[in-house]
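Sharing a structure here in structure tokens format.
Chain IDs A, B and C follow the sequence of writing; residue 1 opens each chain.
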Amino acid sequence: MSMLAGDLRAFLAAGQKELRILRRYPLNFIGGLFWSALLPAVYVLMGRAYSGGNDPRALSAFAERAGTTEVAAFVFIGFAMYMWLSSVLWGPGSALRREQIQGSLEATFLSPVSRLVPLFGPGVSALIPMLFSFAVTFVSLWLMFGFVPPLGAAIPVVVVVAVALPAMYAIGSLFAAGVLKYGEIGPVVQIVRGTFVLACGITFPVAMLPAWAQAGAAALPPTYIVSDIRAVVLRGAPLADIGADLLTIVGLTAVIALAAIASFRLLEASARRTGMLGRY
Amino acid sequence: MDELRAAIAIGKKDLIVLSRYRIAVVSQIFTPLYQGVIPAFLFGASFAVAGRVVGLDATVGTDNLAGFIFLGGVIAGLVAVSFWSMGMGMRNEMDAGTLEPTWLTPTRHETIVIGRALGGLVWFLLSQVVLFGIGIFAFGLRFDIGILAAVPALVVAIVGMVGVAYLLAGVVLLIRDANFFVDTTNFLFSTASGTAFPVTLLPTVLQPIALLLPTTYAMDLLRQHAIGARPTFDPALEYLGLFATTALLYPLGRWAFARAERSMRIRGTLGQY
Amino acid sequence: MTAPAVEARGLVKEFEKGRRTIWQRLRREPDRRTKFRAVDGIDLTVETGEIFGLLGPNGAGKTTTMRMISTLLEPTEGSIRVLGIDVAREPRQVRARLGAMLSGERSLYWKLTARENLEYFAALYHVPPKETKERVERSLAAVKLSDRSDDYVERYSTGMRQRLALARALLPDPPLIILDEPTVGLDPQASRDLRDRVRELRAQGRTILLTTHYMEEADQLCDRVAIIDHGRIVALDSPAALKRTIRAEEIVRLDIGVAGDGAAIVERLSRAGTVARSERHNGTLSVTVHCASARDLVPAAFDAAHAAGATVQHVEVVPVTLEDVFLALTGRGLRE
């Protein structure tokens, strides 16, 4: 078998292993169901409180900043992104750290497989929770608040998600490399996820941020992903209108992926000097 | 006296241990800020017309958005202390192996929950002071001196929440996936208490649940006294509801805890982890 | 006449095996869990001032017994009195007079120093505040941890944590101390240190009840030993008296290389002594024989091997131990 074929096989095996681990924690699915439906529902009800039960003046003010009066759909789309981010950080993001704690990372490094396999392989397993939480989010939005996305938005959404997938992959991998160095997963996930929530317009329009924060948001792929899904679902925007954003996502993905690889290589070199890989 | 000293020692121990996990201390203050307060504030502000959240004014009788959110944070913080420090704290000790030697002492097992309550409430007060400080300087938080009139209601609610903590401690000592259980029930309890939005906006079928929680009444009374919010119910009835729910929850919680403790002594699960 | 330190009568503890979920309970499905007796009718009396050992393999019921005595576990049947106090009726009174070390190093707060740990538990043991400092110092000195008392427990070795757990058990100045497998996980030096501490405690007039699966520990330390297996006491006496129940002065252990099953050799050996055990594995017959004199048995063993065309590969002559007593009583080794 050629090295590349071997690496591909190992890559799929890494993803399959993570999926097996996921299946052994059924509570993760129940949790996904719960949080995907209830967290955004609470925000929608908050929106009703802040809008005085859909006072036209308040809704109009919201629309100026968010680009839509569909508060429920705005919130639910944002939370779908939040759940995707969570699954990427907790799943493939922490897979490396888990391997380090369990001692299996060293064993993986002793094999001839490319170092990129343990870094990028587990990301495959994030697809299933992502699809699951998207489905739960949109079904909940329909059942609880009566919003049905227009059929014409289906293909553009699929295109945005397809472009977004590598970006989320890259974020998870960069996080994974970082977590290996800095240790405890829990607090780091909270901080990183919190940063994305504040910066990317997940629960409120990006326009509410001060200018310097909006500049920072422009460097983060989720800002464009969530904005573009909202544009196609809530405003019926055609793909041409969001083309520039999609290209930006692709560019940022490349940068983040390279940063992930570079971090990982640095870490590997440091580990060979200090023996850190086997310690945590 | 011995039991009181033991309770104080437990609270002190919890605070000392917490203080030695510096990241956890910072995280416990800043997580509610960046996960709860800031997103809620910016979300609310996105409905503002000429700088006033007119929608909130129509809903609760005041456009004091920061006040509404930060006061919601007070009750949410109290619920979190009850669920995580007092209730789940017992389970954490059991998993770490330190509950067993505690149960081998002559200190009553119920006192352990009180001790955790003392430590949790000191931490709660300190963190609220810091959060309110941030609120005043960064978010324009303002409230009336009348907030002091809500203190008795808060004290009664604390007693009710200690009852809830007993109930929770009893449950989490017996079930396997305690973390998930506490995470979800904490969220539901807090939401049903009206911390994020008035309970009148809950689906009709869920509103009776809100009426069974002492924190629902404490939340409303706190907002009334501190920011002049319109009462959801007649204030006199709210005090009655607060006392009645507390009087129900505290003995119920103690009973549930005693049952759970007996079950553990029969099943021998105290030393398992 | 003082009451015994511990009196247990007809002690039984049954556990249920398997799970019954809330869903099964709500649907009123029949309870399919099986019952398992971890302790199956134990009577024991521990006299004041002695070191009493419960010796048995893992799963014999030792820890279950200790937990019932220390009030953590409710017996299914039977009664226990500790220092004359009924454990079921007045558990808090029992705990006020008892020092227990059950789970050793896991039972301490790692982010507290040794001193802070003891000060905390002193409050839980209702030690009067005026006496706390002195008791803490005394307990630390008793386990020789005074010079490390202000270090975080997370920096302690396993042996030090075990000693600190023992120090905690001494805080209430208890007349009775319960130790569950106190030396498990310790290196030989640390184990020896801990046993020395235990002897010092007995010299102070305290009663110690301990469990162990190390027969050397029971032999060296205990005034009396109860051998426990499958939840029952199979023998109870001083170590010397228990060893005398083996009608032998010496134990001979032989490894013999055989082609067949070695039955003829075993039969021949049984005429010279009592064959306590014989096992054949990979062409080697391992035999343990109790005899009056190894000087007579060993030549007989060589003759028997020669007659059967076998080879004696290894001979070991050892004094009778509690392991041999256990083997004679149960047919199994302590470490199986």
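Quick notes
As a working rule, contacts are C-beta pairs under 8 Å (C-beta built on N, C-alpha and C of every residue); 3 or more make two chains touch, one makes a residue touch a chain.
What you are looking at is a predicted structure, and each value in this text was computed from that prediction instead of being measured.
If each chain is reduced to the average of its C-alpha atoms, the one that sits nearest the average of all protein C-alpha atoms is B.
Farthest from chain A, judged by the mean position of CA atoms in each chain, is C.
Between chain A and chain B the centroid-to-centroid distance comes to 30 Å (mean Cα coordinates, whole Å).
Computed centre separation for the pair chain B/chain C is 46 angstrom, with centres defined by C-alpha atoms. Averaged C-alpha coordinates put the centre of chain A at 54 Å from the centre of chain C. Here chain C touches chain B in the complex through residues 13, 15-16, 64, 67, 70-74, 92-93, 95-96, 98, 100, 102-103, 106-109, 111-112, 116, 119-121, 123-126, 129, 165, 168, 172, going by the rule given at the top. Chain A contributes residues 27, 30-31, 34, 38, 42-43, 45-53, 55, 57-62, 65-66, 184, 187, 190-191, 194-195, 197-198, 202-205, 207-209 to its touches with chain B in the complex. Residue ranges of chain B in contact with chain A, taken from their complex: 23-24, 27, 31, 34-35, 38-40, 42-49, 53-60, 65, 177, 180, 183-184, 187-188, 191, 196-198, 201-202.
Across the interface of their complex, chain C is touched by residues 2, 5-6, 8-10, 12-13, 16-17, 20-21, 96-98, 100-108, 262, 265-268, 270-271 of chain B.
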